[in-house]
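Dropping a structure here in C-alpha cells format, bear with me for questions.
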Amino acid sequence: SSGGGGGNSGKHAGTDKYTGSVTVGTKEDSTGPAPEIEGAKKGGNIIGIGPSDFSHLDPQRIYYAWNSTVANLYIRALTGYKIASDGSMKLVGDLATDTGTMADEGKTWTFTLKDGLKWDDGSELTVEDVRHGIERAFATFTTEGAMYVQSALVGSSDFRSKYKGPFSNKHLDSIVTDKAKKTITLKLKVARPDLNFTLAMHSYGAVPVGHDTKEKYDKDPVSAGPYKIAQHAIDKSMKLVRNPHWDPKTDAIRNAYPDSFTFQFGTEGLAAADRLIAQSGDDQYAVMAYSGVPAERLQKVLTDPELKKRTINGLLSGLYYYAINCKRITDPKVRQALNYAWPLEQIRRIYGGQSAGDYATSIISPDILGYDHQDVYGKAKKPQGDPEKAKALLKEAGKVGQKIVYTYPKGGNDAYEKTKVVIVNALKAAGFDPVVKAVDQGSYYDQVQQIDNNFDVMWFGWSPDWPTGYTVMQPLFDGATIANGSNNVSQLNVSWVNDAIKKNAVITDPKAAGAAWEELDKKIMTELAPIIPETFQRRFYLYGSKVGGALFDPLFSGFIMYKLHVKA
Amino acid sequence: MTPPTPSQATPLEVTDEDSAASAKPATLKGTESRSPGRLAWTRFKRDRTGVISAFVVIFFFVAGICAPLIAKVYGKDPYTTYGQNDPSLLNDFSYPAGPNGGMSGDFWFGIDPQLGRDVFTFLLYAIRNSLLISAATTLLVAFFGVVIGLTAGYLGGKTDYFVGRIIDILLAFPQTLFFIGFWPVMLTILVSPDEATPTWLIVVSLITVMTAFGWAPIARLLRGEVLALREREFVEAAKVTGASPARIIFKELLPNLWTPILIQATLALPAYVTIEAGLAFLGVGLSDPTPDWGVMVQNASKFYQGDITYMLFPGVTMVIFVVAFNLLGDSVRDALDPKAGR
Amino acid sequence: MSNTTPLLDVSGLTKHFPIKGGFPIRRTVGAVQAVDGLDFQVAEGESLGLVGESGCGKSTTGRLITRLMEPTGGKITYRGQDITHAGRKELAPIRSEIQMIFQDPYASLNPRQTVGKIISGPMEINDINPEGGREKRVRELLEIVGLNPEHFNRFPHEFSGGQRQRIGVARALALQPKLIVADEPVSALDVSIQAQVVNLLQKVQRELGIAFVFIAHDLAIVRHFSQRVAVMYLGKIVEIADREDLYENPRHPYTRALLSAVPEATVDEEPRERIRLAGDVPSPINPPSGCRFRTRCWKATEKCATEAPPLVQVEGNKPGHLTACHYPETTETVPAPRLSKDPEAAA
Amino acid sequence: MSTPFLSVRDLRVHFSTEDGLVKAVDGLSFDVEKGKTLGIVGESGSGKSVTNLSILGLHNRERTTMDGEIILDGQELLTASERTLEKLRGNKMSMIFQDALASLSPYHTVGVQIAETYRKHTGASKREARARAVEMLRRVGIPQPDVRVDEYPHQFSGGMRQRAMIAMALVCDPELLIADEPTTALDVTVQAQIMDLLKDLQQEFGTAIIFITHDLGVIADIADDVLVMYGGRCVERGTKKEVLRSPDHPYTLGLMNSMPTLNGSVDVPLTPIPGSPPSLLNPPSGCRFHPRCAFAEKVSGGLCSSDRPTLEVVEGRGSACHLTQEQKQDLFADFAATRHN
Amino acid sequence: MFRFLVRRILGAAVILLIISAITFLLFYVAPRDPARVACGKVCTPQTLALVKHNLGIDDPLPVQYWHWLEGVFVGRDYASFGHCNAPCLGYSFQNRVPVLSLIEDRFPTTISLALGSAVVFVIFGVGTGMIAAVKQGKALDKIASSASLIGSSLQIYIVGIVAMYYLSDEWGILDRPNDSSGFTDDPGAWFSGLLLPWFVLAIIFTANYTRMTRSQLVETLSEDYVRTARAKGLSARTVFFRFAWRGAMGPIVTILGLDLGSLLGGAVITEQTFGLHGIGALSVKAVRDNDLPMLLGVVLVAAGAIVLFNIVVDAVYALIDPRVRLA
C-alpha cells in the first residue's frame, strides 16, 4: 500500500512447466468415481466472484470458456477431460464408457453409455438424450454454440438448411442410437479423427428430450452432473446445490465436496482481487471465478508471500496475437517487418511483466498436442523489437512510411490503452506510419470480422476448442471460411495452406498430426506472416484461505470448480 | 415607508448640496463613479478567502496555459515512455522501481506505472486539457443558455413554449447514459474508418455534447429571470421610447443578467471539471495518452494499492482546484449579491 | 380649444386580460376586465388626473395609452391618428411624443446604465441628434430637472429616491414629448420629497406646454396638479370634471366617499362629514352587473343592478362635468349613514 | 402625574454593518399613557420602526447595541430576558406591521395564526382558541369569519389582511399596541375603515397606542400626542393640536408646507423641503436637519452645524432647535402664509 | 390536484415517448450489430441472419419501433418467447429475459442506495444547515460551511475508492459494499452491505443540503412573518420550526426531489465504483452488450424517475406552500 515498488525481482512468479500435455485415456480411466483429493471433506459453500453472469446455461449455446467453468458442474457430454493434480489431462469417457470407437478412417464413431446415469429429477439419461443434445444444435436458437459436429454430420457449413433440428419430430439419419445396447453411432460425411475431442465440448452436452423447453432451457437447464441450479438472479447471483441423483460411481472426472456453489456477478477483476486480498467474512470461501488478478495487482499479490500462497496460475490455452489484414497488407515483407518491429517486451511489461506470460513466438500454443518451440522472427532474443531489421525489410519492399491502421477493443481491458502507446512508438521507430483506431468493445468483433474493414493490424485472440492443431489452424487460416463474421480475420487464402489443413485434419495418429501442424505453423509464419503472435498469457487467480483443492484448469483457464473443497 | 429603506445606498448618495457648493471637485467626482460592477469588485477585494482562492485558481490556469513552457524548462514531456525506454525505472511488475512512485530529481512527481511517463508534465498537461475543456464548455453553455433563455423569456408565447419543452426533454434525458451509450458511436461516424480519431475532434465533440445538455438549465434559469425583469419598469420605459426587442434584450436586460450568468458560470466550471473527469473515469471522454485529470484518476484508481503517490497528485490537485473555485464562486456570489446571505 | 381635435382621444377603451384554465386542454376561461370602455380626451398642454382605488385600472389605462399594451377594444386617437393597433414601426414617429414616468424610482431606472445613458437612450433609439451633441442635451436636461449636470456618469443607485424620479422625468423629456403619462410619479416618495417632484412636473408642464395624464391615488396631489380629473372605479370612469367642479361638487357617490375619506392635517375645524365605504372593491373578473359601484353604494336600487348608468352630464352639472350615476348626489343630499361595521349588510 | 404606562428614556439603537455604525436611533425619549395614542411621524429612515422594534425587543441582539431605558408598566424591557419578553409580546404589548402580506405567515391559516397567540398566552384549548379567533375576526369586521378563519392570508384582500393582522395583535387584549404604518399601503377608503376600527377598539379597552405614520393627515385623525422624528432623533413633541396648529420646528413646518390639501389654493406651488434625508452612517454634525433647514443661517455662530440642539420638554411640549422663540415667531409666520389651507 | 396530476402525467408520457424514439434512432445510427453477440465464437453469415431474425432486428427501423410501442401499450408476441404482457419493454438481447423483470430485479438496490443515502444526507445536511443558520457567523457556522464546501467538491470516484480501501480493506470498519441481500431477506446484511456507499454518497450530498438549508433559513429567518411570529411571543423554537423552517422547506424539497430522481435513475459512477447491481450497472452493461431493449428500458427508467420526481416535487411544493396553485 505504501508508495513505490522496490527493485526488479527477476524471475516471474508462475510455474515453469506447461500443464496441458493431453493424452487419451483408457476405459479404466473413464470409470468412476474420480480419485479422492487428499484432506478434502464434504460440506460448505464455495463462492465464485466474477464480473458478469454466464452468458448461457443451455449446453448447445455454450462455447466460451468462462461458461464452461460452471457448465462442468451440471453438463455432461460423451467425453470429457480428467485432470490430474499435476495438471496433466486425459481425454476419458464421461457419459460414455470410453473415448469411443472410430471406424471408417474417422468417419464413423460409436459410443456406449455408462449405467446408472440419471437426470436431476431421477429419470434415466438415455442415448436419445445424447442424440437430442446434438440435434438441438441445429435449431434456430442455438446459434452461439460450436458447429464442428453439425457440419461434419451433414457435410456443409450451412447445416441448418439441411436439417431443421429435432423439434419438427425428425431425426438426423446420420446418428443411429440403440436404446437397448446404449450405443450411439455418428456417421460423418467427412473424416474427423479427433471427434472424441470435439464431443467433449459442452456444446454437445446431453439434454433430456422430455424436459426441453427450447429457448427457455437456457435459463433453467436440467442437470446431469453433481450440482443443479437452485436459484439464479440474472447478472447478480447464481446458486448451485447438490444433485441427489448424480452417482459418483458413473463419473470419473468430477469430485463434489462442497454442498453448494454461489456465484456473485458484477465484480470486476480489480475489485474481486481486492475482495480476496481483504477476504473479510465469507470471502474466505471465495475464488475468483474466471477473471484473474489484473496486471495492476500482480505486484501486490505476488510480492506478499501470504497472498501468493493463495494463488493458482497457468498459461491460457489460447494465443494472443495481432492479425494482419492480408487483403490490405499484401506484401509479405511488410508483414514480416511488422513481426520484427512489434514490441513484445514493452507490451508484456504493461501486462505485468514476466509473470503475465510468455512471449508467443508461434501460432500453436504450448498446450497443443505436438507443440515445438520455434521462433521464426527471433522474438525470444529481441522481444523489444528489431526496428533496424524491420526498416530494412520495408525498404526492400519499397514501403517505407507505410500507413498501418491498428485497432483494438476499447472499454474492455484498460491495458490496451497503454499497449497502443508502445506499439505506436515501435512502429514509428521502424519506419511505419501508425494510425490508431480503437473500436468500442461492443462492436469490436463485428467490425474486425467484416471482410471489407479498414484495419491493417487487429488485436485478436484465439483459444482452441480442444488441444489439437486443427482447432487453431482451420478457423484462423482456412481460406474457405472467409466471410463476414469469420475468425480468419487475416483473410489469408492461400491454396497450399488450405490444402495442408485438409490433409492434416484427417491424420489419425495424434503424434503425426501434431508434427504436421507444427510444420505448417512454421511455414505460414516464415512465408506468409499473417499474424504477429504476442503472448501466451499467464493468469493468476486468488482464492480465500478456507478454500482447498485449488487447481488451474488447463482447458478453461480457471479454477476446476468440481475439485474445490472447503477447508475445516 | 417601511420596505424600501436600502441603507447601503445611503452613504453613496449625491446630495444636491455638495454639488452646488463645490462645482470644481464635482467635475472630478462626476467622472469616477461607482458602477455596480466596481462596487462588487470592492466588496470582493475585502473577502480574504475569495482573494486567496482567486490566486489558487489563477495559479492553476497559469500552470495550464504555461504547461508547454514549463515542460520545456523542466526538460520532459508527458508522452515519452521514460520507464519503457529505460528499464531500470520500472520494476518487473511495471511499477516505478524507485520509492514513492519513482519520485526523484529527474522526475519530480515520479513516473506512472506501466508506461513510465513523467507524472509532473502529465499533470501539467492534464490541468491544461481539463481546464480548456471545462472553460470552453462553460463559455459555450453560458452563451447558448443566455441567448436562448433570453430570447424565449422575452418573446414568450410559442417560442417560449417550444424552448420550454426542449429543455424538459433535455433535462429528463439521462446524460451519463447518453455519454457512455451514444457519444463514442457518434464519434466513429464523424471519422473516416481508417483514420485515427484526432484528439481535437474528441475534445470538440465532448464540449459540444456537454454544451448540448448544459445550456438547458441555464436557459431555464435565465428565462425565469427575464420574465421577472421584463416586468420591471425600466424595460417599459425603453419600450415607450420605441426600443426594438433586440435592443431591449441586449442593452437593457442583458447587463442586468450578468450577475446570475456569472454565478452560473462559477458554478458550472468546477462542475464541468468534475463531469469531464467523471466521464474519463467511466472510460468515455478523453483517454490515454491524452493527459487529463480524469484519465489520471482512472489510471490511479487501479494502482493506488501499490502506488498511492500516483493517486495523490491528480486527486489532490483536482480537489484543491475544485474547492478553490467553489470558494471563489461563493465570494463572487457574495460580492455580486450581498443580500443572499452566506 | 374645444373644437380643434384634442391631443389624445380615447373612446370605448377596453382591456381584458384572459384567464387561462380548463381541463384537460388549457384555454381561456374568463377575463380580468381591467379597463372597460373608457372615454376621455386630453387637450394639448392640459393635465388630466386619473384617480381611483388600487386595482381599478389606472395603470392599465396608462399602459394602453402609451401602447405598452394592446387594447382589447375601443379606439385611441393621437392628434387625429388612430394608434389603437399600430405596430412598432407605425408608432415610431409618435413614440417620441408620448412618454411615460413611472411609479417606482428604483425599478424604473436600469441599474446597470449611467444616468447619461439612461437619458440619452431615447435619443439614440429615435436617432435624434440635438445640436451640440447628445451629451450636451443630457446636461441641459439634468439642469432642467434640478440635478447636477456633472452627474451624468453616475449610476442610479448613487441617487436618492427623489433624485431618481427626476432622472425619470429627464428621460421622459429627452424626446420633447407632447404628452406624458405619469403613473403615480410621487406615491413612492417621502412627503418632503413629493413636493419637490410635483413642483418639477408642474414647472415642466407649464413651461414646455406638455399635456399630462397624471395617475395618482392621492386626491390632494391630483387636485394640485391637474386641471381636469377623472375618477375611476373598477375599470370604468364614474365621474370626470374640471378640478373645481369635481372637488366642490362631486356628483357621484363614490367620488364623495373618496373625498371624505382623505385624512387632512387640520385640527381647527369641526370634523368633516365622513362617508365610510364598507368592504373592498369587487373583483374585476366578475364585476357587479349594472352600476359597478352598487355593492358599496348606500343608494343602490334594483335599477342599479340591471342598468349600467351612462357617463353623461347629469342635471345640475356644468358642461364637461360627466357623471355615471342613476341617483347623482346633490349638495343637499342627505349625508350617507355611517354604515354598520358588517360589510355583509351592504353587499 | 403618575408614572406613564410606557416610558422610553434616552434610547439609542446602533447597528454595526459592513459599511460602519448605523445610529438608527440616537437619544430618544417619550412616554405613552394608557388609553392615549402617540403618533410618531417622520420620513423614511428616521428610525420610527427601529424604535418600536426595540420596545418589543425584536432586534437581533448580536448585531445591535441598545442603550437607555424602556419601562413598560414598571418593568424594564431593554435588559429583560428573552423569556420575559416572550411572555409580554403578543400579550401585554403587541404590534401591527405595515406589510400585512409579508408579515403574515403564508403557510398557516389566518385562524391558526391568531389562535396560536391566544393559546400561547392563555393556555386555552385548541377549540377555545379557534372560537376566539373567529370572534376576533368578526370584531375587526371580516365577513363570514367562521369560513374565513380557515383561509390563508393570500386569499384575503389587502384591507382584510390588515384587519387580520389587527385581530392577531389584539387577541390577548394588549395594553400597549404599536401600529407601524398600518395603513400606508392601503387605499384611503380602506385606511379610513381601519382607523375607525382602531379608535373603536381603543375606546373599548383603553389600550395605549403608538401609531407610526409619515402622513400628518393620519396623525390629525387618530393621535392625541405627536412625536416628530428626524434622523433618529426627536425634533418636536406635543399634543396633536399644538404640533399641527403651531409647529415649533422648521422640519415640522416644512412637512406641513410641502403637503397639498383638498381645499387650499392650487395656483401657488408647494413648498418642498430641499435636499434629501440624512444618512445615518455619516449623519450631519450638530442639528441633523441643518443642511436642509431654511433658517440655519439665521442662527449665529454656525451653531446649527456644530451643536446638537437640546430637546426641552415642558408639559409634554417641546422642540429641538437653536432658533429662539422670537425668531421662530417671525420666520414661521411668513412661511405659514404660503400654506395651502 | 387531480387535474394537475393528469395533465402532468400526460406531459411526462409525451416526453418519455420522444426520449424513447430518440434513443431508438441514436442506437441504430451506430455501425454496430447487436446480433453479433448472440452469434457465437464462429459466426457465419447464415447464423448472423438467423440471429437477426430471432432478435427482430431485420425489420426496418420504424417497424421495429412500432413493434416496441405495441409491446409497451398492448403487449406483444415473440416468436421464440411467447406472449409478453403490456407493458412489455421487450426481451433483452443479451439475457433473453423480459427487460422489465431485469429492471424489477435491479431496482431494490437502486432504491436502497438512493433512499438510504437520502436519509443520511438529509438528516445530516439539514441538521448541520440548521445549526449553521442558528449560529450564523459563529465558529460553528464557519466550520460547517467550509466542511460542506469541501464535501461538495469531492468526487465519488475519488472518495469512494479511498474510503473502500481504508474503511473496509485496511481497517475493516465497514463491510465491503455488497447488495446480494435484499432488505426483506436479511435486513442486517442489507444494511451493512450498503453502509459504505451510503456514507460516501452522503458525504458528497450532505454538503449541498447543509449549504442549501443554511442559506434558505438565513433568508426565511429575516422574513417579516418570522418577525411577526416573534412579536406574538412565540418561543424561539416554535418560531424556528413552525415558521422559518416551514418556509425553507420548499426549495430543499425541490432539490431533494431532483436528487432522488437522478439517483433512482441509476447512479452509474457510484454503482461502478462500489460494484453494486442497480439500474446504473444495468445501463452500463446494456451499452456494452449493444442491448437495445435493455438500453431503452434503463433510459426510460432514468428519464421516468426524473420526470416523475419533477411532478412529485411540484405536488409536494403545493402541499407545503398554500400559495402555489397547481395548474
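Letters A, B, C, D and E mark the chains as written, and numbering starts fresh at 1 in each.
As a working rule, a residue touches a chain if its C-beta (ideal position, glycine included) is under 8 Å from a C-beta of that chain, and two chains touch if they have at least 3 such contacts.
Everything numeric here is computed off the predicted structure, so don't read it as measured data.
The fewest steps needed to get from subunit B to subunit E, moving only between touching chains, is 1. The innermost chain, defined by the distance from its C-alpha mean to the mean of all protein C-alpha atoms, is E. Comparing mean CA positions across the assembly, the chain most remote from subunit C is A.
Chain centres here are Cα means. That of subunit D falls 55 Å from that of subunit E. Averaged C-alpha coordinates give centres for subunit A and subunit C that are 91 Å from one another. Mean C-alpha positions place subunit A and subunit E at a centre distance of 40 Å. Centres computed as Cα averages put subunit B at a distance of 51 Å from subunit D. Residue numbers of subunit C whose C-beta contacts span two or more other chains: 160-161, 163, 190. Among the residues of subunit E, those touching two or more other chains are numbered 30-32, 165, 287.
In subunit D, the positions touching at least two other chains are 44, 97, 99, 214, 274, 276.
Put simply, subunit A touches subunit B in their complex at residues 1-10, 12, 270, 274, 277, 294-300, 302-303, 346, 349-350, 352-355, 403, 405, 410-411, 414-415, 417-418, 421-422, 425, 435-440, 453-455. By the touch criterion given at the top, residues 11, 15-16, 18-19, 22, 26-27, 29-32, 136, 145, 149-150, 152-155, 157-158, 161-162, 165, 214-215, 218-219, 222, 265-266, 268-269, 272, 283-284, 286-287, 295, 298-299, 302-303, 306-307, 310 of subunit E touch subunit B in their complex. Partner subunit D is touched in their complex by these residues of subunit C: 53-54, 160-163, 190-196, 198-199, 202, 217, 219-221, 223-224, 243, 247, 257-259, 261-268, 274, 276-280, 341-344, 347.
Those residues of subunit B whose C-beta lies close enough to touch subunit A in the complex are 81, 84, 90-102, 113-115, 184-185, 188, 193-197, 283, 287-289, 298-299, 302-303, 305-309. For subunit E in complex with subunit A, the residues that touch the partner chain are 30-33, 36-48, 50-51, 53-54, 80-81, 94-97, 102, 105-106, 164-165, 168-170, 172, 175-176, 180, 275-277, 281-282, 285, 287-290.
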